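Pasting a structure below so you can have a look.
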Amino acid sequence: MAVIELKDVRKAFGAVEVIGRVNLTVPDGAFVIFVGPSGSGKSTLLRLVAGLEDATAGQVLIDGADVTHMGPAERQLSMVFQSYALYPTKTVRQNMSFGLEVARLPKDEIKARVDRVADILKLGDYLDRKPRALSGGQRQRVAIGRAIVREPVAFLFDEPLSNLDAALRVEMRVEIAKLHQRLGATMIYVTHDQVEAMTLADQIVVLDKGAIQQVGTPMELYQRPANLFVAQFIGSPKMNVLEVRPEGSTVTFADGNRTDFGALAPATLSHIGFRPEEVELLAEGQGHLQGTVEVVERLGSDTFAHVALGMLGTVTVRMPGNVLNIAPGQRVGLGLDVTQLHLFASDGTRLS
Amino acid sequence: MTEREIRARPRNRVIVNKTVAPYLFLAPFMLLFIAFLIVPLIYAFDISLYKKAMVGGVKFVGTDNYVKAFADPKFWEGVGVLFKFAFLQIPVMIGTALVFALILDSGVVWAKAFFRVSFFIPYAVPAVIATLIWSYLYGPAYGPIGQTARFLGFEAPDFVSAKWILGSIANIAQWEYMGYNMIIYFAALQAIPTDLEEASVVDGASAFAFATRIKLPMIVPTIIVTVVFSIIGSLQLFTEPFLIQNMARSIINSNYTPNYYAYTLTFVGQQPNYAAAISFLLGGVIAVVSYAFMLLANRRIDR
Amino acid sequence: MSIVGKTSTSPKFRRNRWLLTGVLSLYFLYTFMPLFYVITAATKSNQDLFSTFGLWFAPDFNLWDNLHTLFTIQDGIFLKWMGNTAYYSSISAAGAALFSTFAGYAFAKYSFLGKKLMFALVLGAVMIPQTALVIPMFLMLSKLGLTNTAFAVILPSLVFPPGVFLMRAYIDDAISNELIEAGRMDGAGEVHIFSSIAFRLLMPGFTTVLILAFVANWNNYFLPLVMLNKPDMFPITVGLAQLYSTAISGTGGVLLFTVVMTGALVSIVPVIAAFLIMQRFWQGGLGAGGVKA
């Protein structure tokens, strides 16, 4: 349906730059998710695509056509807002028809489209209600329906699920995934919830401080994070990171402990990272690091042990199932697979 | 229908974009604002720099009118009256308004809605008519206050005598505007979240302590704003003395307040140039006093 | 409220309730006394006004005579005054409320060049003494030959800065930015968004401003006093004040005393009625303005 490209896009509010020189291509039909902490510029970037904000510099292209100076509607995009932004004085049907009426579509065409979409989203019984008479989930559906009826070239979602309770959020997440499969439309979705990002996205764009940190599939991001920021932002619990100093083939930890990493320690190495499932809990005295179990969290499916390593900080260890033979206060050793470590240079970038 | 077809459809172009829109929305108000506020001010400032000469029409005199006004005892007497009036009236009015708002907000009393609405009703009565009614009430022969006093065997004071006149005018202002301020405080008090109240109950605070120590400080910004508006209103006093003058010619002269003075200068004395200078000087006094009050109040809050 | 609710059975609470209700009742008597006086005075003959107790009715009920005199004096000029007041204040209030709403919307929902400066100007306008404005306005309008016309009273009244503050605060709360953006995504122009989405949402605020502007204009005295000198153009305020001066200076005869009070009664009844009927609006609106200010 539509390829969306950003070329050297910048956005500044007065002297404050919120987006600096972003280049990005969203392929046709892709589900792309922007993630990042608050203030990372992810919403601003989405609003630049939507045309709700004007770029300070650079170009926005849709299917190769420059839309940088076009208004939101001319870009043929639909957007679902965090607060749903339903028109409170209009009924569900009027909410969904409004954009089509503005575009001067024939009345019967409008009715046909609204009815069809209401059918898909199971909104048929609510068409004559006002938004305030709907539940949160129903409002969310109406907001999505309003986006669909316009048959846009791409959909934009701005944290659409963050106002829903946990159970409903999971349900709506699945529905949005189904919707993407059914419509095959290009979708850009902003969230700060990395579970949403991992489960929904074809491609994730990680943003921090107005710059793209990494673009890739969820698994690429998880397995080969491009830098320390991505490494710690993607994955829950987050990746364990320890500061080290390489000396030949050994590395020295901040507490003076040394470990032989063989040929794996490049000269610029400054941090090593390993996911909670990439570290093994061993008996005291064994493995590469020694520490004390502080807290044990039992989720049933997994057990997390938080192990204090003195001045090195805390390391989280994930074990499948309910592991019974550990308790707080226990002295343990930690075993790393030195061939699987994520290595980062002092500027935070990944060392392959 | 596919999206290609929609794209081909002639759209109704958005002519008013969001850059132009705010100016369009502001235009009617701002044009009138300029025509009936900015322009008259500039005009007034302009004429305040001229003087009608005995012969040869008007001539440019620069700041002469201001120099004269600055040294004009009639102007400063008027300002003095206003200061006395403001110091007498504003604290009483704001004080009663606050106390009543706190009482109504605490919910202790019966008939809350009734008191709230009835205290506000005088605000709907035009100041002219309020002044007329009170001047009847003040009347020595037919006024019911005098009648009651005589019935009880003593003589009521002469409300329009030099000694009582300012109090009599202040009373009219109290009657008219107390309820207005009370309603504003009441709304501000009601806007304070109830979980705060619950927290203070848990802390063991009494209703009185809660009202005075927690709620009152929270509406201080609102109080400051209303006091500033009261100062501005008080310093512009005109209607009440202008009408009461009918009853007390010997006490209220034509320069009793600066606004009154400017009015007389223009329409009786035929000196609009000098009147303009007086008005500007009064504007200056109002700005200085309001600003000084805000500065003082804000410094108190910061501390 | 819940605090006292929990202890409403205690003797201390009951004593406070009596005491404070008593205090408020005393102030109510003070508030009500002048209004009651207007009613009694309007029902008396001039002789009774001076000879009977002010705060009670005279045996001789003279209201109809007074009304008759009021509405026939000077060829029924009082009716004309009422009509003028209604005309001036309804047009002024409608225009003032509408323009304040537009301006408040612009201030609340857009960022544009000169926004801070313009808002500061509007805010500063409240400090300008009436005479500093109205007198030059009179001099200017008299050059244009516009004094003694309805324009001279209505046009300046269309500028109602408090309405702009109130609407700005109200719109800030009542209309989310996302709602306006949803309209933009749907392809509606800014004016269309205002008229078909925003306006109905800001109706309560609009109504408050309408009432406040109406009362301000109904009560206006100085502007018409300066601008108008033909008695048949006067609003009630200027007309009644003039009638009162005539009464007290004795030139029109003592006869006018009760007529002035009857006129006062007739002119405040509509405003008070409007206030009582529309209290939901002004109470909410004053709150919004007050809390935000």
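Chains: A, B and C, in written order; residue numbering restarts at 1 for each.
As a convention for this text, a contact is a pair of C-beta atoms (placed from the backbone, for glycine too) under 8 Å apart; a residue touches a chain by one contact, two chains touch by 3 or more.
Remember, it's a predicted structure, so these values are computed and weren't measured experimentally.
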Between B-C and A-C, name the chain pair that shares the greater number of C-beta pairs in contact. B-C
Farthest CA centroid from subunit C: chain A
Can you work out the whole-Å distance between the CA centroids of subunit A and subunit C? 56
Go ahead and note the Å separation of the Cα centroids belonging to subunit B and subunit C. 14
List, in ascending order, every residue of subunit B touching at least 2 other chains. 11-12, 14, 17
Which subunit C residues sit where two or more other chains touch them? 184, 187-188
Shared interface positions of subunit A, touching two or more other chains: 71, 73-74, 102-103, 150
Which residues of subunit B touch subunit C once you look at their complex with the stated criterion? 11-12, 14-26, 28-30, 32-33, 35-41, 43-44, 47, 96, 100, 103-104, 106-111, 115-130, 132-137, 141-144, 147-148, 151, 175, 179-180, 183-188, 190-191, 194, 197-198, 200-201, 207, 210, 221-222, 225-226, 229, 232, 235-236, 238-239, 243, 246-247, 258-259, 262-263, 266-267, 272, 275-276, 278-280, 282-283, 286-287, 290
Per the touch rule, the subunit C residues reaching subunit A in their complex are 176, 178-179, 181-188, 192, 196-197, 200-201
Interface residues, subunit A side, partner subunit C - complex: 50-52, 71-74, 77-79, 81-83, 85-89, 98-99, 102-103, 146, 150
Considering the complex alone, what residue numbers of subunit C touch subunit B? 1-7, 13, 16-17, 20-21, 23-24, 27-28, 30-35, 37-38, 41, 49-50, 53-55, 98-100, 102-103, 105-107, 110, 112, 115, 118, 121-122, 125-133, 135-140, 155-156, 158-159, 164, 184, 187-191, 194, 215, 218-219, 221-222, 226, 236-238, 240-241, 244-245, 248-249, 257, 260-261, 264, 267-268, 271-272, 274-276, 279, 283-284, 286-291, 293
